[in-house]
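What follows is a single structure, and I will ask about it in a moment.
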Amino acid sequence: MLVVMEAGATPEQVERVCAEIRAMGYAPHAMPGPTRTAIGITGNRGPIEQAARIERLAGVGQLIRITSPYKLVSREFHEADTIVTIGDVALGGNAVVVIAGPCTVESREQTLGVAEHVAAAGAKLLRGGAYKPRTSPYSFHGLAEEGLRILAEAREHSGLPVVTEVIDSESLPLVEEYADMLQIGARNMQNYSLLRAVGRSRRPVLLKRSFAATVKDLLLAAEYILNEGNPNVVLCERGIRTFDDSARFTLDLGAVPIIKQLSHLPVIVDPSHASGRWQQVVPMARAAIAAGADGLIVEVHNDPAFAVCDGEQALVPERFNAMMAEVRRVAAALDRDLA
Amino acid sequence: MLVVMEAGATPEQVERVCAEIRAMGYAPHAMPGPTRTAIGITGNRGPIEQAARIERLAGVGQLIRITSPYKLVSREFHEADTIVTIGDVALGGNAVVVIAGPCTVESREQTLGVAEHVAAAGAKLLRGGAYKPRTSPYSFHGLAEEGLRILAEAREHSGLPVVTEVIDSESLPLVEEYADMLQIGARNMQNYSLLRAVGRSRRPVLLKRSFAATVKDLLLAAEYILNEGNPNVVLCERGIRTFDDSARFTLDLGAVPIIKQLSHLPVIVDPSHASGRWQQVVPMARAAIAAGADGLIVEVHNDPAFAVCDGEQALVPERFNAMMAEVRRVAAALDRDLA
Amino acid sequence: MLVVMEAGATPEQVERVCAEIRAMGYAPHAMPGPTRTAIGITGNRGPIEQAARIERLAGVGQLIRITSPYKLVSREFHEADTIVTIGDVALGGNAVVVIAGPCTVESREQTLGVAEHVAAAGAKLLRGGAYKPRTSPYSFHGLAEEGLRILAEAREHSGLPVVTEVIDSESLPLVEEYADMLQIGARNMQNYSLLRAVGRSRRPVLLKRSFAATVKDLLLAAEYILNEGNPNVVLCERGIRTFDDSARFTLDLGAVPIIKQLSHLPVIVDPSHASGRWQQVVPMARAAIAAGADGLIVEVHNDPAFAVCDGEQALVPERFNAMMAEVRRVAAALDRDLA
Amino acid sequence: MLVVMEAGATPEQVERVCAEIRAMGYAPHAMPGPTRTAIGITGNRGPIEQAARIERLAGVGQLIRITSPYKLVSREFHEADTIVTIGDVALGGNAVVVIAGPCTVESREQTLGVAEHVAAAGAKLLRGGAYKPRTSPYSFHGLAEEGLRILAEAREHSGLPVVTEVIDSESLPLVEEYADMLQIGARNMQNYSLLRAVGRSRRPVLLKRSFAATVKDLLLAAEYILNEGNPNVVLCERGIRTFDDSARFTLDLGAVPIIKQLSHLPVIVDPSHASGRWQQVVPMARAAIAAGADGLIVEVHNDPAFAVCDGEQALVPERFNAMMAEVRRVAAALDRDLA
């Protein structure tokens, strides 16, 4: 349920409505807009029976029922695009934001080198894994805190805010300390305890779609985070599992305009993991922007042949430059520019 | 196996090699290039044992083994991009070609009206179904020959060559008579008798990917057509079946650069059938071109609310104009223009 | 729409209702039952507006709307299980029917040898491909008419009726001449021209589910055949395409009870093609019967290492005997026996 | 790598080999067998270079390379079937074990009532969720500790050991205190932190396959648990996501014989979640046992119409009785009995 206040409603009237909602046992979410304030209601199962009590309060314009299973993330609830700010970078506005860096933080030299390069090429955030969820227990699982320290140093050198994956509640406080943005990986998209934990964090969250999640599942996962009080969520399409075996995953770019229609949250695309081979990364990066994505997250490695994981899909610095030039042109064709 | 002749090889030497290949029981495919001629060999299962006999012939430069299961459609076999000509339209070159029209030919007025509109907006071919394969026997199956006659009339008025679906060998001669290009629909992509039949036609073929076909399956289906002697095949990605239920099909744009790498045939994309809703059609049309597609095939209807099938996914003329403008800008960002 | 006549309705009253239905432009399907006759109506799109005209006729008991998109194949339309008779074999009754034989008819000796063996082991029908739809144009496509002749000879020797695949309308008359049952393969399940052609045949049809078909698609494909006048259709589950790569296809045994609930047609299972390896064939044969299938279609080869196709999934005669023994016990546990 | 000791090798010789393995920086896993001891080696990436050092030690019979990506769970590593003991119930031996109970612990009466009923009908373990991972944050998430207390009381009354889901490390100590077996749900199958945590538990683990996991992914998830020292893992197939929409998930029974071939761990099947409707539960329960599963986990509810979740797929007590009778007969047809 969404309570739309009249244009001239006073702060006291807004507060009175919120108090009434609380008294009913629900949670009010006041969202001031340019001309009027809307107040979302969550915590109810099914329709709100005493809605008439709210309708009669002073300053209330209109009551709107939310029909989707998610509420806080829905466009019905919040019409304008959400812009998520990470450090001084705004994601979700007109500017297209590129996040780049190595799949895994392997060493100080590698990470600082890549960071410096991608910053010069126009990337606005640095990615890199310190904790890596791997399908096999015998694969490399990341440098952990040492990796976080290297990322922090790379931020200082390159000026780029850092996004890195958090894999459990135990390591969350440490990751929060070092990172500017928390990434929830595809395998943890339905790890609801972790979603709740990052929902209580003050850091913005990059939520990757599970390779088996419908668009609705993804939006409901984001709803968990917003419902805990963290409104700064960026969604990321990174490929789904299908019968086709010509690529590692099938990048579902059709999800981009669908999510944009259903939700106000920013959407970016990861063309690296889906492709599995660098030859597909550049065309899919262009296509993602053309489909309406607000940004990209791309793997760059200075020496992919020696990468400890996913080397085949990483771009070498020169190819990353080429990608940036091509993406810049496609963005311009949509009247957007690269942040 | 590919026999690459020396730069100065004479026509007689080429013919001598072809004769030898025939004598071995295989089929030679001579492909003259700007500097040298290559001769493909098909009809063998496994490696060619007497390859040395060919190697010793005058004018033979090099023997190259083809490692993919398809041969005639592969880039290994034929390096340069194939350009397919339909009437006076070239598909597969630098210019991006848009094919547009109603899903189904419903009436003379509707078809001529839509044809005129899309021609004015820059479409280069007219699409429209006279024979419709439908999941239910009780759905509308098209106007058949009357539909073909209407399409021919629309061609005359609009100047656009016509592409229309052929659903069986029985109706093929009739469709060939009226159409400029034959479409094989997704449900018939593995109807090998029909593939062979259009392979013997003089008309170019638009081969749509089955919603359950891997990229390899699609290329092998095209191989059937080329193997019968028809080199003019355009491939079309139109969405695959996956678990996701937010769209009718998942448009696999990642297949575009993969096919481009594996094959020399032109690739176009159908953003209408995958989306199922017009709101996704325009973004996916842009994304397809950004991914490197050589063209689009799009449904346009003057009155989608009254369309006998698939009305929800059809663009009204105004939205088609908007799509053309956007696609033109994205194509320009890739240094391509709209035909 | 289903018109249920009163218990005492006369043949003249039934005919009167049929005539009225024809006069309305629809097709009546009279289905006499033990106590009363039902008359199905097809040919309408949407509800029948003049239904009241039928309701008022003498002998009419009740009008029932059919809610599923398929009609003739639905349980709503025809409540009792359909039993399809092939030669002297009844498929769809209490007895479980095993169809066995080589994937492909390779030679006279092989086919007669396998036929004799499977007949002795309790199989009731002989399978074997004379026309093989293959993904690659360069694979073996079957012995064609020679294969049909070998099958006919094997029938004479073994006493088993023969089921073999028909791949196009052109070869249908020839296949009909030799075969007792026509198989429509998975790749042709949505080849509607071919479905219509076998719908006009007097031979029973084995319709295999496409690896990309939903249960609804399969039932609608069967509806095409029944709608042309051939009521003798047996459905076959043979595996669908999914992301899992541990088997060739994912055998969807859950479809068996679902189809049984929705349709009156017999359902059998092909455990050979889905598994791709003989080690899975026997457990999946047992599971299919336990799920409620009316029969099995299994590949048996006397020398799988030398099979021209699909050798890995064929059972050698000894393993087929073992399978029969195990399947017999599972069938008995469901109070069914092996035909 | 697997070191197979000679039949007469002494405990000292076994220990000497283990010490050498440790000295190389790897982990030895001694597995005494009826005639000889095998010692598995983990912790290596790629082949072990100094293998010759081990080969030369006294008592060493043979060195076997493990070719699968998983080791501890593989049949190559451990040939005999593993039997997991929960309370006094043995799972993985000849007897088929049925686990039954409500989806969610809703109240004391409901849980004790269902427990009593399923115990009388032959179930050997009680299932029931106290912590429920739900797709929506607004759905019911379980009674938490109160639910665990009710389960413990139900165990006392019914005599059935209890299996219940654990959703995060935080609540693991509490769940361990009350439960006899820990369930990892499908959505947490790749929550590696949680897998490691239950790998350090003394409780046996029921690991459900994610609806997007390949068989290999599932075995690697189990490897995480065994690698932490907990050998008591039971795998559970519960349906995968596919394009088919006739059931909630496609139950992949073909995975049962494949897992049995690749791994020594017990495998059970959950026919309730895949079906989504009780009408499919009984046939799929029969089919699972016929496919070779070691047990079933089934939802039973005394009043499904009022279940707080998944009511449609729950069996009422009478249908559960019928299922047990049918499953007992199918098990007997495979020379197995119901525990």
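Order as written gives the chain letters A, B, C and D; numbering starts at 1 within each chain.
As a convention for this text, a contact is a pair of C-beta atoms (placed from the backbone, for glycine too) under 8 Å apart; a residue touches a chain by one contact, two chains touch by 3 or more.
All values reported here derive from a predicted model rather than from experimental measurement.
Taking each chain's centre as the mean of its C-alpha atoms, the one that lies farthest from the centre of chain D is B. Between B-C and C-D, more C-beta contact pairs join the chains of C-D. Centroids built from CA atoms put chain D at 49 Å from chain B.
Separating the CA-averaged centres of chain C and chain D is a span of 38 Å.
Residue positions 212, 241-243, 245 of chain C each touch two or more of the other chains.
Those residues of chain C that touch chain B in the shared complex are 42-45, 69-71, 133-138, 167-170, 187-188, 190-194, 210-212, 217, 220, 223-224, 227, 241. For chain A in complex with chain C, the touching residues are 241-243, 245. Here chain A touches chain B in the complex through residues 212, 214-216, 240, 242-247, 250-258, 261, 274-275, 279-280, 283-284, 286-292, 326, 329-330, 332-334, going by the rule given at the top.
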